[in-house]
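Consider the two complexes below, in which chain A is the common component and chain B and chain C are the respective partners.
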Partner chain A sequence: MFLKIAIKNIVAYKRRSIVTVALTCFTTALLVFASAFWDGSHNKMIESAVEIYPGYLQITQKDFRKIPSYDNLIFDARSVRNALTKISGIDTFGERFESFVLFSSREKAVGGMFTGIEPEKEERLSRLKKSLKKGEYLSPGDHAKLYIGTELAKRLKVDVGDVLSFVGTGADYSFAADNVTVKGIFQTGLFDFDASAAFVSKSYFDYIMAAQNYATHFIVLPEKPQDVEDLAATISRKLGSEYQALSWQKTMAGLVQAMKVDSIFGYITLSIIFIVIFFVIMIYTLLAVFARVREIGILRAVGTTPSQILRLLVLESVLLGLVSVVAGGLIGGALAYYFQLHPIVFPGYEEQFKQYGLAASAMPAIFSLSTIVRDMIVMFVLTVLSTLYPILKVNGYRPIEAIRHV
Partner chain B sequence: MYKLVAKIAWASLSRRKTRSVLVVLMIAVSLWGVLFLEGIYDGMIEQMIGNAIRSGSGDITLFAKGYRLDNDLGKLITRTEEIERLLTSDKRIKTYIIRIRQDGLVATAQYSRNGSIYGVELEAERGHGRLDSYITSGEFSFGGKNRGVILGARLADKLKVKIGKKIILSAQNLENDVSSMAFKVTGIIKTNNMALDETAVFIDQDKARDLLLVPEGVTQVCMILHNEKDIPALQDELRKHFSELEVFRWDEIYPALMQSRVMMEWFNLVISLIVFCVVGLGIFGVMLVSVLERLREFGIMLAVGTKFSQIRWIVMAESFFLGFLGFLAGSLLGGMTLYYFYVNGLDLTMFSQGLDVFGMDAVTYAVIRPDYFVTALTAVSLATLLSVLLPLRFLKNARPIETIRKV
Partner chain C sequence: MKIKHSVLMLLCLLLSVGHGFAADTNAIIKRVEDNLNGKTAFMKFTMMVKTKRSERTMKMDSYSIGKEKSFIKITYPKKDKGITFLKIDNSMWQYVPRIEKTIKIPASMMLQNWMGSDFTNDDLVRESSISDDYEQRVVGENETEYEIELRPQEDAPVVWGRIIMAVSKKYFLPTVVKYFDEDDVLMRILSYQDVKKFGQRFYPTHWVMDPKTFDKAGHRTTVNINEAVFDEEIDGAYFTKRALKRFSK
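Right, the complex of A and B next:
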């Protein structure tokens, strides 16, 4: 009965119905798509930042993150290695030794990161191999062969096959220096990284820097990246208090927060549009409801209770809200799905992305049913709420007043 | 006559108080929101640009030919005296500084990192970009014997050094040998110009000359002008005057910042457009209904000799009142909010770690530009005007006189 009258009224007051449905549908679609795009692009940015080099999970000696000196190295890499092989949930792990040296070519001397890696494991742990631009990637037994970032190579004016020297401090604080040949040049797209990093195989590094069985950190690739925090906790427990295992959420806290800030600003901006839209919905509801003041007065006069009228009017809003939110959710969801398959490309903004340390210019949306439903519920509640004021106001009239209302 | 029109319009607005108040409120709130967003977002961008100009490029930067692409110490600006004479005499230039830069290695007892060594004159930097205001710990000085360094905040963090710690700077000198010198950290500086915070090591300019064996010449001259508008003209003149130099505007040195500014302008425009379209829709609904429900009233007015043009004026006046009141309230509210954040700043320290990634200050001071209000007024006027066009047409086609007869 109520339903029938409500539907009849919705059809009768076309202008209000169309405006409410159109606006709510538009806002819902906008919100659904914006959330999907923000979540998707933020995931992508974090993923690329994590995967290029830092890795999902890092293990260091317990004080190394605070004081990254040679006194706080992992001095028994073998035992860590043995412990890690026994832990389940690990896809691959590898050790690294990072140090800073002064590179000098015939023309220039430039400071840079000089890191020993396990080339075959690093293939899975980071994007170093995939970033090869010229020459060849490292292989495990390489002696005095350097894999160097493109910007660093440019600054040193060296190319594949050229020889350069480095001067640094060995793990035992001894003086370490040698000549190395450039084997390959890589480009990750992260300017700072490409301008400062160079790699050698760990076997050569151990030999020249007196770092046998030492490492600055281990990188772990979990089987399931989403469970990385649990894995970090497990590893910390198994390795004991001498070591610290941290997931990317901790090691890259700044980036994680930056993405959050970006979302917050986005939602603030959207909310201003939403406020205006709900004002308009409120106004149209007010107009529609007041066009029926007399009708409502007569209903009251013939014995309809205020609560029945309230129910009727709210039911109308709920029906309108439901239809528009579902339509908007479908449109927004379809857009999200489409842009998940076809990421949006920002060709002109690579420069800006790079400045923020993001080596990606194609941003996908993410299709997540739970987020879409959440946004739809939010919009539905807001639409119905924005109609409440006019409904309550008209229901406040006494029947005689309402009938005489002009 | 206009007085009467205004009176009638005002009377019919006050007859429907809830409705009128809602419309005014809607315009005011949307205006307030748009003004707030514009002012804060522009503030963020301008602060980033300001930081970059003050600490790095100035409005205009001079390099020797080819230096920008290849930061080679051999590519020096040599005619410094002549340049300085010219810069001092030019009335458009507020301040200028000269810097000597070379990339090298910064080492503590435990750790080393690559850094960019800048030989600077502290007093000139203070007057030029208020570099001293960026100091986060220690002091803006190189100590008694000029043996101090001021380190970029991120570099200091990576090296884990604090004030008073000893560091060794090594760099290639002009004769292609590596020379080193010991310094003590006297200050730490956070400019939010990411390149500087990440790598900068400021030392005394004479010390830099000793270290790098550069008896004369500099790598960079930066100037800040009184008026941003003079930048292109001055750039042209300097180009003609010093053909052996390269002359860059700040937006050529930091293209990403210029991109951000342009992107933000478009973003603001799109947001305003959406908001004012929706606002227009709101006014339209109200005006249409208010015209429709008064068809009889207008019919009687026409019957007793009122001209249609007068009725048109009444309807337009109503919508103008709504729009103008909304604009006044919104501008007042928005202007006051922006003024508050212009003076006190919007403090987002709780997100400082995240803002650092974007190179943004934790406290944003809002910008207030007169054109915000001009644009808003235009938008509100357009929205109110357009939203009565259709109702008026409707009114004309409805032949109000005939409606008198209908019950």
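Right, the complex of A and C next:
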């Protein structure tokens, strides 16, 4: 009975219905899509920042993070390796030894990072292999073969096949130097990284830098990246207090913070839009309801109770709200889904992205049903709330007043 | 002969004490620099680098003319034998036999440690330019020593915020040098001990560098001068880039 009347009324007051539905639908779609895009792009940024090189989980000697010197190395890499193989939830792990050396080609001498890696494991742990631009990636037994960043290669004016030298300090503080051949050149897109990093296989590094059984850190790829914090806690417990296992949320706290701030500013912008729309809907409802004051007065006069009228009017706005929120959710969801498959590319912004250490300029949205439903509920509640004031106001009239209302 | 010399010494001492209060700080520093560098110097020295985990010993020969030019050759351990360094004014090159290459140390590497020790490349290149780069002021004096404060000239390319140098009145040689950073935090202490006489010249033969930064806890570098010859003619051929390779053998 109420439903019928409500639907009849909705159809009868076409303009009000269309405007309300259109506004709410648009806002819902906007909110749904914006959340999907922010979440998606933030995930993407974090993912790319984490996966290019730093890794999801790092294990170091307990003081290394504070004082990254040769005094605070992992001095027994074997025992760490053994302990890690016994922990479940680990997909792959590998060790690295980072050092700072002077690279020298015929043309120039440039300081940079000289790092020993386990090439076969690094394939899964980082994007180093995928970033290959020219030549070949390292293989485990490589002796005196270098995998070098594009910008560093450019500064040294070397190409694949060229020989360059490095001079540095071995793990025992002794003098270390050798000639190495460029095997491959990589480009991750992170300018600073590409301009300073070069890699050799760990076996060669150990030999030339006197680093047998030493490592600066281990990188762990969890089976489930979302459980990385739990895994870090487990590893910390199993390895004991001599070591420190930290997830990317800790090692890259700056980036995580930046993403949060970005989201907050996004939501602030959106809520300003919402407030405006909230009032627009309220005013429209107010106008629409007041146009019907006489009708309501007559209803009252023939014996309809105020609560019945309240129910009728609220039902109308609930119906309108439902229709528009569902429609908006569908549109927003469809957009989110589309842009998940086809990431938005910001061709002009690559430079700016790089400044923030972001290698990706294609930002996908993320299609998450729970987020979409959450946004739809928020919008629905807001729409219904915005109609309550006008409804209560008009219901406050006495029948005679209402009928005479102009 | 011996008596004659003592008298001369005494005279010197009296002279310097007499000048004490009026002594121009700059003159003190100049004398210290001259005493440390000599007109020319040939030295054989041993450098011991102690870290938390290990202790290493290196031996080297050094040839220098004044404070502008010097040439150092590593003679021990075998692994590093033949590595040579050449310093001319503010530039530094090194030759590494293993890679058969001469490398100019770029400015960005100047603060890296030298041969794994607690000395930096910058120390080798710039240690002696105190009289040019710093403003000097005597801030204290007792019977045996002056205490001189060195603050960098406005646009001097130096790494220290302040240096406090104790200078022996007897020898006009530094005894303890304290290095502070821009925030006036003590970074390291270099002490010169065991002054011995080589020919006509007195020279500290035992140098100890104690870094004070927390990342270098437990580190110490000691230099012992085993042999020194001052003010003898040194072949100018040592101070060319070609010498790096030539005298490496």
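Basically, the second predicted complex is superposed on the first by the 406 of 406 C-alpha atoms of A that agree within 3 Å, B and C clash if a C-alpha of one lies under 4 Å from a C-alpha of the other, contacts with A are read in each partner's own complex, and residues count from 1 in each chain.
Methods note: a contact is a pair of C-beta atoms (placed from the backbone, for glycine too) under 8 Å apart; a residue touches a chain by one contact, two chains touch by 3 or more.
Given the structure is predicted, the values throughout are model-derived calculations rather than measurements.
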Exercise for the section: Once the two structures are overlaid on chain A, check if chain B and chain C clash or fit side by side. Expected result: clash
Problem - First (chain B), second (chain C), both or neither touched by A:Ala177 - result: second
Exercise for the section: Once the structures are superposed on A, label A:Lys8 by its partner contacts, choosing first (chain B), second (chain C), both or neither. Expected result: neither
Handout entry: Which superposed partner A:Ser104 touches (first chain B, second chain C, both, neither)
Key = both
Exercise for the section: In the overlay, answer first, second, both or neither for which of chain B and chain C A:Ala291 touches. Expected result: first
Handout entry: Residue contacts with chain A in the superposition, chain B compared against chain C
Key = B
Exercise for the section: Check whether A:Ser165 is in contact with chain B, with chain C, with both or with neither, and answer first, second, both or neither. Expected result: second
Exercise for the section: Using the touch definition from the top, say if A:Tyr70 reaches chain B (first), chain C (second), both or neither. Expected result: both
Exercise for the section: Could you list which residues of chain A make contact with chain B in one structure and with chain C in the other? Expected result: 67, 69-71, 100, 102, 104, 108-111, 167, 169
Completion exercise
In the complex, the residues of chain B that touch chain A are 18-19, 22-23, 25-26, 29-30, 33-34, 36-37, 70-72, 103-107, 110-115, 160, 170-172, 176, 178, 194, 198, 255-256, 259-260, 263, 271, 274-275, 278-279, 281-282, 285-286, 288-289, 293, 348, 351, 353-359
Handout entry: Contact footprint of chain C on chain A as seen in their complex
Key = 67, 69-71, 100, 102, 104, 108-111, 165, 167, 169-170, 172-175, 177-179
Handout entry: For the chain A and chain B complex, residues of the former touching the latter
Key = 15, 19, 23, 66-71, 100-102, 104, 107-113, 155, 167-169, 192, 196, 253-261, 264, 268-269, 272-273, 275-277, 279-280, 282-284, 286-287, 290-291, 348-349, 351-352, 354-357, 393
Handout entry: For the chain C and chain A complex, residues of the former touching the latter
Key = 49, 51-54, 56, 74, 79-80, 83, 94, 96, 98-101, 103-106, 108-109, 112-113, 115-116, 214-218
